[in-house]
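Sharing a structure with you now.
Here the chain labels run A, B and C in written order, and each chain numbers its own residues starting at 1.
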Amino acid sequence: MNSRKFFAIGASTALLAFGVAACGSDDSDSTSGGSDLSGDIAGAGSSAQDAAQQAWIAGFQTDNSGVNIAYDPVGSGGGREAFIAGGKTDYAGTDSPFADEELTGAEDRCKKSGGEFVQIPVYISPIAVVYNLPEVENLQLSPDTLAGIFAQDITKWNDEKIAADNPDADLPDTDITPVNRSDDSGTTANFTDYLSATAPDVWTYPPDDAWPVKGGEAAEGTSGVVEAVGAGEGTIGYADESQAGDLGIASIKIGDEYVAPSAEGSTAAADEAKENKDGEYVYSFDIDRTTTNPDAYPLILISSAAACTAYDDSATADIVKGYLTYVISADGQQAAADNAGSAPISSDLQKQLQPAIDAIGS
Amino acid sequence: MEAATGPSVWGLRGGERRLGDRLFSGAAIASGIAILTVLAGVAIFLLIQAVPALSASTDELAEGKGLVEYIAPLAFGTVLAATLAVIIAVPLAVAVALFISHIAPRALAQPLGYIVDLLAAIPSIVYGLWGIFVLGPAAVGVMKWLEDNLGFLPFFQGPASVTGRTMFVVGIVLAVMILPIISAVAREVFSQAPRRQQEGALALGATRWEMIKMTVLPFGRSAVISGSMLGLGRALGETMAVVIILSGSGGITFNLIGSGNPPTIASNIASKFPESSGIEVNELILSGLVLFAITLLVNMGARSIISRSERHAAEGKKRA
Amino acid sequence: MKEDGEDLTETETPERIESPVDAPRASAAGSTSPATAEKPSADNRAKAIEVSGLSLFYGDFKAVEDVDMSIRPNKVTALIGSSGCGKTTFLRSINRMHELTPGARVEGHMTLDGADIYGPGVDPVEVRRQVGMVFQQPNPFPTMSIYENVAAGLKLNTRRIKKAQLDEVVERALRGANLWNEVKDRLNKPGSGLSGGQQQRLCIARATAVQPEVLLMDEPCSALDPVATLAVEDLIQELKKNFTIVIVTHNMQQASRASDYTAFFNLEKSGDPGRLVEMDETTAIFSNPTQKATEDYVSGRFG
């Protein structure tokens, strides 16, 4: 399978060339930088992380003016393959963890430079259920109702199941148009995971990157979903909360309460998540979608960064280490929250992850 | 002529001419070979990359579907969208071309031609955005009307989309995108329609429109066909505008106004490729190969139509 | 049609010729004049044309100045004169074809049996249906068969026409153009597949099939060999029984052979507008013209 490799390498080479050119002008004042780190690294992967990565890169390069980092949002799958292939992709961003052959591939790649594979969560994003129904201000949905809507079993807004969740609302006799992502995406994977965990009787599809139900409204990317929901009345979709804009955001039923997405709730849900380790430094998390704690908002996406503990060039290892340290630091997480609307990872989680980063280059 | 004046005139410069000829034909042959090589290279790349998908088992493939089951709706969507676009664009393009070449006053014709040409310079992503922000929402009411009044036709059976991200809108946007190509080709040829014949028709007492029907349109027929095929080719391969606009969540259906439309091959590749890996990528490339084949077939079909009508015309001339 | 020969000789009597001059406005003058002794052909549609004070312009350039002319029905009027003196320009103004040239316009008057050709509200399409035209270069419609070429004008004028009737008109027009025998076995072959002379006669058939009242011909034989030229000239003699014919020619023999009247145009020097020098019976123009310029021109001493 080579085409992907060509593609990813081509893309990152182009970016690198650009980065090097930009670097030339940076070099002049490299002495005034706050550190003695210097060199280039490149990452590729999740487009969901893109805004956060840009914030991190900007923040990190301000403190380390000799460093140049390029992140290419080719998509999580592309990022994973480019990382496994090695070459110029020093780190990857991925919405779903490396698994099976990919995991072995990543381990092999790191082994070549005498290191181990590192995978840590860096980015938590609440997923909002967005809708367009001007008559209804605070839509409330239980998981079964939500699943019924997206499975296209519930087709009218004044369906009694929706009415049961919204006793005070004046629901119109409008058709429901459920909107999903047409491209494969981690957001879809997490949303379908949530539905199958919380409403297994209604939602019978397995969690997947690709939307499994035919015939709904499909739109490209988060912006496409937001646009489609905004365009027609009676629509409902799912999107990163930070992108929801003016759309109505539904509260989902957790335990006995209806909860709207929030940074605090998302951070709490991430803290509650069950930690899996596929290697000494390989973290992945099972989010407890069925939590009954109303302070946690379990409809979240946790996206990770992948790296190696050793690189052919120790300067690269130092930069990767410094960069990831910054990424999970309170400053880095705040920068991402400001720029990308993500929820910061808690300081507890940060402390737990730091040793994996410290292992890089040592 | 040249043969008659022959050696005495050209003899002196013979050597030069032969060198120039040789350079020219060498360059022509080289470019010909280069084009064929690139084309063959693309075909071979597609073939090699597609092979693993051919031998994969169904559950390894995307959506757990067989190859045919996966690609058939895509191929269908591709052909449907492109055909729709051509059906909408051709009469419009011919009308625009005629307006510019024969009807509009000269002061208006030139700027108008320039504006139509400009349409071709707009990037397709801009068309996509226009489709989704302007045309789609505007078409919602129209589609609802079509469903209510023409719902007995399979094309408008509904339920009509409330967002406007339908095959219907894609067809219109693609039509606008290919309109400049078709009308440019048509306009060029219409304006070369022999004046003598046009005057002949008018002298018979034909109105302007009758004159156009009798002389200009028959003269431009093969140009309109080849222009349409160029347009069809572009519509078949158009990617970004379709990705942005189309709600491609359905399978094979002639319903043009619903939410569940078949995606096109190109738009499906663009939206699935970034998150695909392994055998799924091979499958996407296989679908690309199918698109390549469809485009090739369309072009060959067009060639044969054009050459047939040219042979027709040539036969007429030979006898003259 | 069979008595056509008789008609021809009779129409050449002097009385018959003079009557329209005396009463230029008289509609279908020939049939009501003292010369009604002649049998008018059932298909005779010829009309008289009266031109007065006509000037023609291309933008600011005055190409033809102040023409007064009476064109008699059922006669052949030849327009002669040196190149660039405005014969084509004048001819095209008779069926308003000049309007196709951007910037071309007329001043003055022209009537067709009393009806103002340039009158307000007069549709040029209507004028052209009554005043047909044959061009210097044969211009059959290349995508149409011989049959369709002849029928083309009919389909415009009479929306719904029965096939049998159409067949009849096509045959009559082709016979009238002396082409029927040559093409009757290949009516469905393209018209562009004929020889140049045949194509020109096809164009004449096409123009006459719509039964115009006047037929304009701009150097119709210039692309033809002598044999084909004679065929067309014979045809013109046949056609004048039913139509008024105006023909532009550079061929003096043709003018003297084929026309009843000749109008001589001239221009003093290039850049000046062309003028009608004199018009008279063809025999008079060629034997004793009143103007020196005419004499020089017709005897080949011009320029």
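In this text, a contact is a pair of C-beta atoms (placed from the backbone, for glycine too) under 8 Å apart; a residue touches a chain by one contact, two chains touch by 3 or more.
No experiment lies behind these values; they were computed from the predicted model shown.
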Worksheet item: Any idea which chain sits dead centre by C-alpha averages?
Response: B
Discussion item. If I average the CA coordinates per chain, which chain comes out farthest from chain C?
Written reply: A
Worksheet entry | Computed distance of Cα centres, chain B from chain A, in Å | 39
Worksheet entry | Chain centre separation (chain A, chain C; CA means) in Å | 86
Discussion item. Rounded to a whole Å, what is the gap between the Cα centroids of chain B and chain C?
Written reply: 49
Worksheet, complete the sentence: Going by residue number, chain A touches two or more other chains at none
Worksheet entry | In the complex, chain C residues that touch chain B | 95, 97, 100, 102, 125-126, 128-130, 132-133, 135, 137, 139-144, 152-153, 156-157, 189-190, 192-194, 199, 203, 206-207, 210
Response to the item:
Listed in rising order, the residues of chain A that touch chain B in the complex are 1-4, 47, 74-78, 80-81, 102, 175, 177, 179-180, 182-185, 209-220, 224, 227-228, 231-235
Worksheet item: Contact residues on chain B for chain C in the complex?
Response: 106, 194, 196-197, 199-207, 210, 214-215, 218-219, 221, 313, 315-317, 319-320
Worksheet, complete the sentence: Note: in the complex, chain B contacts chain A through residues 45, 49, 52, 62-63, 132-133, 136-137, 140, 159, 161-165, 243-244, 246-251, 258-260, 263, 271-278, 281-282, 285
